[in-house]
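Consider the two complexes below, in which subunit A is the common component and subunit B and subunit C are the respective partners.
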Partner chain A sequence: MSSVIEIILNGLITGSIYALVGSGIALVYGTTRVLNFAHGELMMIAGYLVLFFAVTLELNVALASFLTLVLVGGAGALIQRATIAPLLARNDWAFQVIAATIGLSIALQSAAQLVWGEQFRTLPYFFSGVAVIGDIRMPWQRIAILVFAVLIMSLCAFVLYRTPLGRMVRATAQDAEAALAVGIPSGLVHTAVFAISAVLAGAGAILLSPLVTVNPWMGVAYLLKGFAVVILGGLGSFGGAVAAGFLLGMIESVGVAFAPTEWRDVIAFTFLIIVIWFRPNGLFAGREG
Partner chain B sequence: MLEVFGRRPYLVLLGIAACLLVVPFLPLNDYILHILTIFLIFAIFASGWNLTLGMLGLKTLGHHAFFAIGAYISAIVAYYGGISPWLTIWVGALTAAIAGVIIGFPILRIRSMPHVAIVTLAFAEIVRLIFSNLKEITRGELGFWGIPTFDPIHIGDMTLRFGVGNAVGSYALAAVFFVTVHIALLALLTSRTGLTFFAIRDAEAAAESLGVHLSRWKIFAFALSAGVVGLSGAIYAHYVMILTPISVAGPEMLITLLAMIIVGGVGRFFGPVYGALLLTVASEMLREFGDFRMLLYGTGIIFFVFVAPQGLAALKLRQRRGTTSRT
Partner chain C sequence: MTTTTRKILTAGILSAALASGAASLASAQEVTIGVIGPMTGPAANTGAAHRQGMELAVKEWNAGMVETVSDTPPTATLVFEDSNSKPEVGISAAQRLMTQDSVDMIIGDTLHSHVTMALMEMAPQYGVPILSAEPVSSAIADKVLSDPERYEYYWKGNYNSDGYGQAVHGFYKWAFENDVIEEGNKQIAFVVEDTDYGLANAEQIGKLFEEDGWEVIATETTPTGTTDFYPQLSKLRGLDPDVLISVFTLANSGTSFVRQLDEQALEASHLAIFYPTRPEFMEVAPEIADGLIWAALQFSPEITPAHQEFSDRIEAEFDTPANYSHAHAYCTMLVALRAVDAAGSTEAAAISEEIGKTDYECLIGRMQFGEDHTVRSGADAIPVPVAQMQDGQNQVIWPENVATADAK
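Entry: the complex of A and B
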C-alpha cells in the first residue's frame, strides 16, 4: 500500500516539473504559434543564476530565487526580441524559428560550457528533514517542489484568466491582428508571454537545482519532456499541458516500478508516439488547439 | 525545378565526381583524406534527410535515428553473424527504411509542423536509449568496438583495403557511394516522382485534389529518406569501426547535420553537399578550439536563418540569374 502511495507521490512530483516546463512552452505556442527549442536553456541559465546568488553571493534563498526569476524573465524577453520577433514577418517562419532556436539552444549550451566549465554543481537543500507519514518517508525538499509548482501554475492561470494582461494574451492568441486593431500591443504581449514562459522554466530549474546538478546540458532532457507534455495536452492549451505534465510524470513513475530505471524515457516517449497515433490532436485537445 | 536543381544538375554532379576522382592522385596526407571521407558520408546523410525536410517539406528532426539504426544494425549483423559488411549495409539501410515507415504512419495524419518535429525528435531519443540500454549486445555507452571493415577488394595485383587507417580505400569507397546515391536521387527527383514531391510540398491540398495519393507518397518518401540515411550510417559504422549511441544518435549529430542542410540550403539538391563540405572542413580547422565547434554550428544556423535562409546553393543561383536575365 505504502509503495503505491509512494509511486503516486513521486509521479506527482516529477509531473509537477514537467507541467511547469510544458505549460511555459504551451503558453508561448498557444499565443504566438512559436515552438521555442531554447526553452531548456532558459532553465539552464536560471540554474546557474540561482547558484550564483545563493552559493557564490550567499544570499537568502527566497531573495536569490526572486532575482533569478526576474533575470530569467528578462532573458526570455530578450531572446524573443532578438531572435524570434524579426523572423515572424517571413513566409516560412515556422521552420525558421525552429531552426534558429535550435541553433540558439546549442550556442547557449556551448557558451555555458566555456564560461562555467564542465563541473557539475548542486545547490544545498532549501528545506531540510524528511516528512514521515505512516511508513512513507519523503524529503521535504521534494514535497516543496510539488507545492511550489502548483502554487506557481495557479498564479499563472489566475493571471491568464482573471487579469487585464491575461485578457490581452488570450485576445492576441485568438487573432493578433484583430487584437492590434482594438489597441492591444500584440508585439509587446508576445514578448510578455515569452517572459512569463521563461519565469515558469526558471521556477522549474530553481525547484530542481538542489536535486539535480546544474550543468550546461540540464535543459535538454526537460525540453523534450516539455514538448511531449505540450503535444499530449493538445498544442497550445495551458490547462492541457498542466494535466499532461502530471499524467506523464505518473506514467514514468508507474513504468519505473515495473521496468529498470534506464527505460524511463523510452516509456515516456513511446507513450507519446502511441497517443499521437490514435489521437493526433493530443489527449486534451484544447479549445485553442 | 531550377531553384531546386540549379542549371544542368547532371553536369554539376559530373564536375563533383571529377573533383573526387582527382583527389587520391593529389599529394594529400591521410588526415585530409579522412576528413573528406567523413564529408562524403555526411553528404549522403544530409541529402537523404533533405528528401523529407526540403523536397517534401516535412520538417522532421529525428533522422539521426535512422543513421544510428543503419550503423548499429549493420555492425551487429556483421559482428555477431560474421557476415560481410558488403551485405550487411543493405540490411542496415533496409531496417532504417522500415523504421521510417513505422514512424511515418503516425506522422501522416498530422499537418502541424511542430507535431512532426517533436514526434520525430522523440523517436530519435527512443532509438538512442534502446541502443544505449541493450548493453549485452551494444556495450551501451562504452562503445560497440571491433566492428569489421569492408572486405578488401583485389584488382589485379593491387589490394584495396578499407576502414580507418586505410585512407585511400575508405575515401574511394565513400566517393563511389556518394556519386551513386546522388545519381540515383537526381534521376528520381527530376522524374515524375520529384514533381509529385514538390507538388505535395508547395500545395498539398491541390496535389491531393489532382489525385496524388498523399499518404502513399509520404510513406514512400519517409522510407526512401530513412533508407538513404541508414545506408550512410552503415558505411560510417564500418569505416570508423566503433559506435556509441550518443555519438551517432545524440543531439550533436542532429545539430551538425541540421546545420549542414540549412547552411547549404534546405530543399536545394546540392545544398546539403555544399553545407556538408563547408562545415566538415570548417569544424576540422577549429578542432584545436574544441568547445568552440558546437558554438560554430549553433551560431552558423542562426546566422544563415537570418541572412540567407535559402543557404549557399541559393546565393550562387541568384548571381547566375542576375547575369542571364538580361539576355
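Entry: the complex of A and C
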C-alpha cells in the first residue's frame, strides 16, 4: 500500500512541474496562437535569478522568489514586445515566429553559458527534513513543490476566470480583432499573457532549483514535456494542460514502477499517440470558452 | 624510349621522391591536431576541462617543458570543434576538421562513448588517425577487434568498461571476505545513464557478479541529465538490493542521486562510478556524500603531490584547479604528440604505428595500448582504485597496497 501511495505522490510531484510548464505554453498558444520555443529558457533565466538573489545576495528565499518572478515576468513581456509582436503584424507569421523563438532559445542558452559559465549550480533546499509516515518517506522540499505548484496554478486560474484581466484574455483568445473593436487592448493583453506564462515558468524553476541544478540547458527537457502536455490537454487549453501535466506525471511514475525506466518515455508518448489517435484535438479541447 | 627520355624520367622520379620526403620531413616539423568534445551542452564543463588540459600540454610541449621522443619535436597547433554531446554534430565537426582545416590527427570524442562510436568510422574513411580521450565503453574496443584492418587508425585513450568492472567486483569481493560489507542475499541493482558508457559498465559489472552467484534484480537506465530519481528509488526500496551501483557522467545527476538516496534511506551498499571525479559534485559532497564509496580515484591532488603540482599549473594558466578530466586530456595530448614525434612524419600509418608502441608514464598512470587499440588498466598500467569520502576528503580504500585509509 505504501508503495502505491509513493507512486501516486511521485507522479503528482513530477506532474505538477509538467503542469506549471505546460500551462504557460498553453496560455500563450491559446491566446496568441504562438508556440514559444524559448519557454524553457525563461525557466533557465529564473533559475539563475533566484540563485543570484538567494545565494549570491543571500536574500530571504521569499523575497528572492518574488524578485525573480517580477524580473522573469518582465523578461517574458520584453521578449513578446521585441520578438513576437513585430512578427505578428506580418502575413504568414506562424513559421517566422517558430523560427524566431527557436533562435531566441539557442541565443539565450549561449548567452547564459557566456555569462554564468558551463558549471552547474545548486540552490540549497528551502525546506529541510524528510516526512516519514510508516514506510513512506518524502522530503518536505518535494511536498512543497506540489503544494506551491497547486497554489500558483489555482491563483492563475482565478485570474483567468474571475477577474477583468482574465475576461480580456479570454475575449482576445476568442477573437483578437473583435476584442480590439470593443476596446480591449489586444496587443497589451498578448504582452500580459507572455508575462504570466513567464511567471509560471519561473515558478517552476524556483520550485525545482533545489532539486535539479541550474545550468544553461535546464529548460530543454521540460520544454519537450511541456509541449507533450499541451498536446495531450488540448492545444491552448489552460485547464487541459494542468490536468494533462498531472496525468503525464502519473503515467511516468506508474510506468517506472512496473517496467524498467528506459520504458518511461515510451509508455508516456505511446499514451500520447493513442490519445491523439482517438481525440486529435487532445483530451480537454473545446471545453473552455 | 631514348636515353634522354629515360634520364628525364629518372630525374623526375628522383625529384618527386625527394620532394615527397622533404614534404614529410617538413610536415613533421608542424602538426595540426583537431579536438572534438562537448564544448556546449550539458557536458560543456567537462569539455572545458579537456580543452584546458590539452592547451596546457601543447603549450608545455611547444616550449620544450616536457620530455620529447626526438631532439627535434614538431610544433603543435590545436583546432577545437564542438560535439555538443551528439554523434551527428561530432561527425560534422570531424568533416570540417579533415576537409577545411586539413588536420593531421583528431582527438575525439574527448568524453562520450556514443559520439566516439560514430567518430571512429571516420578514421578509415578519411585516413586520419583518431584517438579518443575519456570514453571507456567496451563496445568501442569490441568494434576494433571485430575488424582490426578497418580500424587501423583508430585508438582509444582510456581503458575499457571491464576496468571498472574488475575494480568494482574486486573491491566487493575483498570487502565481503574481510567483513567490511555484508554480502546479504546476493542481489545487485544498477541505476545508470542510458549511454554506451553507463550500459557497458552495468553489463560488465553485472556479468562478474553473476559469475559469483549474484542476481541482477534491476538495471534502471535514465536519460543523461536526469535529476529526479524518486520513482526509481521507490521501486528499488521495494526490491531491497544488497549492492547498488550508479553510473552518471554529469555531476548534477550524481548530486541529485546521492541526495535522494539518502532521503529514501536505502540500506544497500552504494558504489558510484565517475561522477565523484567532477568538481561540482565535490563542492556539495561533504554535505551529502560522507561515506560514499566510488571508483575510480585516479586524480587526487590532496594525497598525490604530482597531481597537486599539475593542478597548480592548470590554476596558474586558467584560474581554476585541475580535475581528472584536465589530467586525462593532458596525458592524451602528450600520447598523441609523442607518437607524431616518434613517427617523424604526419603520415597516418606512421603515427598510428607509433601510438600502438606507446609506453609512457603520465600523471594518471602508465599509458600502453593493447591489441584492441585500447589503453590498458590494472596495477602495472592505469590503476582503478576505489575510494571513500571520509570527513570531507577522499581516501583510497582499495587495493590495500595503495590504500590511504581503512574503509568505514
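In this section, the second predicted complex is superposed on the first by the 283 of 289 C-alpha atoms of A that agree within 3 Å, B and C clash if a C-alpha of one lies under 4 Å from a C-alpha of the other, contacts with A are read in each partner's own complex, and residues count from 1 in each chain.
The definition used in the following text is that contacts are C-beta pairs under 8 Å (C-beta built on N, C-alpha and C of every residue); 3 or more make two chains touch, one makes a residue touch a chain.
What you see is a predicted model, and the numbers here were worked out from it, not measured in a lab.
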Item to check | Three-chain arrangement built on subunit A, subunit B and subunit C clash or fit | outcome: clash
Next on the checklist: Is A:104 touching anything from subunit B or subunit C once the two structures are fitted on A? First, second, both or neither.
Outcome noted: first
Next on the checklist: Quick check on the superposed pair: does A:113 touch subunit B, subunit C, both, or neither? Answer first, second, both or neither.
Outcome noted: both
Checklist entry - Between subunit B (first) and subunit C (second), which does A:273 come into contact with in this model arrangement: first, second, both, or neither? => result first
Checklist entry - When the two structures are overlaid on chain A, which partner does A:83 contact: first (subunit B), second (subunit C), both, or neither? => result first
Next on the checklist: Looking at A:252 after the superposition, I want to know if it touches subunit B, subunit C, both of them or none. Which is it: first, second, both, neither?
Outcome noted: second
Checklist entry - Does the superposition put A:61 against subunit B (first), subunit C (second), both, or neither? => result neither
Checklist entry - Who wins on subunit A residues touched, subunit B or subunit C? => result B
Checklist entry - Between subunit B (first) and subunit C (second), which, if any, makes contact with A:92: first, second, both or neither? => result first
Next on the checklist: Contacts for A:122 in the overlay, against subunit B (first) and subunit C (second): which applies, first, second, both or neither?
Outcome noted: second
Checklist entry - Touching A:224, do we find subunit B (first), subunit C (second), both, or neither? => result first
Item to check | Selected from 183-191, 219-227 or 237-245: the stretch of subunit B that, after superposition, runs into subunit C | outcome: 237-245
Checklist entry - Both subunit B and subunit C touch subunit A; at which residues? => result 109-110, 113, 260, 262, 265
Checklist entry - In their shared complex, at which residues does subunit A touch subunit C? => result 3, 6-7, 10, 13-14, 109-110, 113, 117-120, 122, 130, 137, 139, 142, 211-213, 215-217, 221, 252-253, 256-257, 260-262, 264-265
Checklist entry - Tell me, which parts of subunit B touch subunit A in their complex? => result 59, 61, 103, 105-106, 109-110, 112-115, 117-119, 121-123, 125-126, 129-130, 132-133, 251, 254-255, 258-259, 262, 266, 291-295, 297-302, 305-306, 309
Next on the checklist: Residue numbers of subunit A touching subunit B in their complex, please.
Outcome noted: 29, 35, 83, 86-87, 90, 92, 94-96, 98-100, 102-111, 113-114, 220, 224, 227-228, 230-231, 235, 260, 262-263, 265-266, 269-270, 272-273, 276-277, 280
Checklist outcome for this item: Per the touch rule, the subunit C residues reaching subunit A in their complex are 40-42, 44-45, 47-48, 191, 194, 218-223, 225, 227-228, 230-232, 234-235, 238, 250-252, 255-256, 263-265, 280, 283-284
